[in-house]
Amino acid sequence: MSDDAERSLFAAPPIAEQERMVEAILFATAEPVTVAELEARMPHGCDPAEALVYLRRRYEGRGVNVVKVGDGWAFRTAPDLGYLMQKETVETRKLSRAAIETLAIIAYHQPCTRAEIEEIRGVAVSRGTIDQLLEMEWIRFGRRRMTPGRPVTFVVTEPFLDHFGLESARDLPGLKELRAAGLLDNRPMPGGMGAPRDEEEAEDVTGQSELFED
Amino acid sequence: MSDDAERSLFAAPPIAEQERMVEAILFATAEPVTVAELEARMPHGCDPAEALVYLRRRYEGRGVNVVKVGDGWAFRTAPDLGYLMQKETVETRKLSRAAIETLAIIAYHQPCTRAEIEEIRGVAVSRGTIDQLLEMEWIRFGRRRMTPGRPVTFVVTEPFLDHFGLESARDLPGLKELRAAGLLDNRPMPGGMGAPRDEEEAEDVTGQSELFED
Amino acid sequence: MADPDWEDTRATGVAERLAAEALIVDVEGFEGPLDLLLTLSRTQKVDLRRISVLQLAEQYLVFVDRAKALRIELAADYLVMAAWLAYLKSRLLLPPEPGEDGPSAEDLAAHLAFQLERLQAMREAAARLMARDQKGRDFFARGLPEDVTRIRKVVWTASLLDLMQAYARIRTRDDFRPFVMDRHDVFTMEQALDRMRGLIGYAGDWTDLVSYLPEGWELDPRRRRSATAAHFAASLELAKRGQIELRQTETFAPIQIRRKPDA
């Protein structure tokens, strides 16, 4: 009620007009734009979330689509037309096998410490691998673990989601199956040889659910 | 005839599909794209000129339009939405001490020359300070003094009075009132010295009224 | 995960040994012992969940032995894994000792199997991730982004209070004169120095510093304080110049001075 009253007071533009605005803003930038940013840039009283629903529908099946990336929204060309874009193709630096695996481990286990990556791969993670992924802005530092040594954790970023066309880390391929199979558990080595610390484990579970649920 | 034959031979994609292609190419390319380039990038037998007609029509009245730029085609924000591409950040900052002192002198002594301001402040007044106050429209040029050199004078403006909630510059409190309001911080001087000199105060008030009488 | 039919696997041991030998050539290609174990486990051609850890341990040990025979330098972690697998193997083969503490051999083997399965799962996940449509390869962002023009606008403010305070500050600046201290009750160090330099010759032995205070300065507390401070500072100066010696028997005890014998 009060919301309606406010709206009429400020005479927000009609929704079709708001849709045009969102269209213009998303078209103009290469980076995903959040609803909050849209709201800040649009006239008072606008509802960009609603406008986005219409806009998304309008571009379904078109040559460009409205996609969600993390908290943001962006236009991206339809993947089936990638072959037309040879000229635009960006040669990405070839990632080493170690880098790809490290990235996948961080994505699926985030937040994830270096020690955990090493335990899963069974081999030391070289400084350069982490540096490379940080530099590409595909991973970033997460919160420190509240365990002895307060190790840093790594999480994946919005540019990572953007690059792989993921709405969120929850949409990682096969995530549900892996979790159901217990393969994302931080299972300690029985008897403690090289085993992860118990507290860390407990926190891990909450840390992960925080990121993936909701 | 032979053209038709060729087309059917290579089975060009339906025009709706061609429209998608043009849409994606124009979106992803950094520069405007000519019809010839479109043709070169699209599958054999496509008619990008025709697809462009459809695409242009589709984007008529939308938040972005297909426009011709030189020989090429490109997406551009609808002209009426240009304001969405500007982000205005307003920063509120306190005036510098030099500026506020200069302003105060002009307000109390107007019309007032730069030399007079410098004499009262005891330091040179920078050009920037005066410019800033002029730009803020809190001061303006008054009549020139009919003294050698005919120096310009400064007076306060209507916006100045508005900002400070004054009806006229005469409403500015005099030194006596300032002291009564506790604004003249009369620290007790050692040995009972530094008590306010009555004569000076009295002189001040007259000095002021003299200045304001025109 | 002790494998009951591990005897059977011995029959096929030769083939596996040959396979392991082929792997030795490529030892550089492995990313650590776990990676090697995962590769070796493929020769079992079973689901990783049903893998024979005992057989795997055997394969690994054979691999390490062959590497040693061929004088191939193996990194320490390969040897650590070999030692651990040898231990695991013996634990799996021997009946558990009664009252033995710690995890069972089966638990250890199950964990190793879990590690391999997890590594394999992560490899597959990584492959699936990389197989996705990627930005800049399969789909594209706007090629000609229109930057948002940032317009920074500074609004300067001042309140009436600021204005009045500023004016008051300027107008009262003249009221302040430099602070001149009333010197009536102040005894300076220079004065004390002059006095002491003259007097020091007359005092033979250790004398209290207070006795140097000039007449008329010992009674009024303010004057006494100033004179004491001045004389103390002067005595430090004289001591620094090597003209006198200073002593104090204990904290707060009177400070005593005397002329330096050779000065």
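Which chain is which? They are A, B and C, in the order written, and residues in each are numbered from 1.
The rule is short, and it goes like this: contacts are C-beta pairs under 8 Å (C-beta built on N, C-alpha and C of every residue); 3 or more make two chains touch, one makes a residue touch a chain.
None of the values given here were measured: they were computed from a predicted structure.
Undergrad: Supply the minimal count of touching-chain steps required to go from chain B to chain C.
TA: 1
Undergrad: Specify the chain with the shortest distance from its C-alpha centroid to the centroid of every protein C-alpha atom present.
TA: Nearest to the common C-alpha centre lies chain A.
Undergrad: From chain A, which chain is the farthest off, judged by mean CA positions?
TA: B
Undergrad: Please work out the Cα centroid separation of chain B and chain C, and write it as a whole number of Å.
TA: Distance between chain centres, rounded to whole Å: 47 Å.
Undergrad: Approximately how many whole Å separate the CA-defined centres of chain A and chain C?
TA: 31
Undergrad: Hey, how far is the Cα centre of chain A from the one of chain B, in Å?
TA: Once rounded, the distance between the two centres reads 37 Å.
Undergrad: Give the residues of chain C that touch two or more other chains, as numbers and ranges in rising order.
TA: Expected reply: 140-143, 146-148.
Undergrad: Spell out, as numbers or ranges, the residues of chain A touching 2 or more other chains.
TA: In chain A, the residues touching two or more other chains are 27-28, 41, 75, 77-78, 85, 88.
Undergrad: Residue numbers of chain A touching chain C in their complex, please.
TA: 27-31, 41, 74-79, 82, 85, 88-90, 92, 97-98, 100-101, 103-105, 107-108, 119-124, 162-166, 172-174, 178, 181, 183, 187, 189-191, 193
Undergrad: Quick one: which bits of chain C touch chain B in the complex? Just the residue numbers, please.
TA: Residues 140-144, 146-177, 179, 181-182 of chain C touch chain B in their complex.
Undergrad: Within their complex, state which residues of chain B touch chain A.
TA: That would be residues 19-25, 27-30, 41-42, 61-64, 75, 77-78, 81, 84-85, 87 of chain B.
Undergrad: Show me the residue ranges of chain C that touch chain A in the complex, using the header's touch definition.
TA: 31-35, 37, 77, 84, 102-104, 107-108, 111, 114-115, 117-119, 121-126, 128-130, 132-143, 145-148
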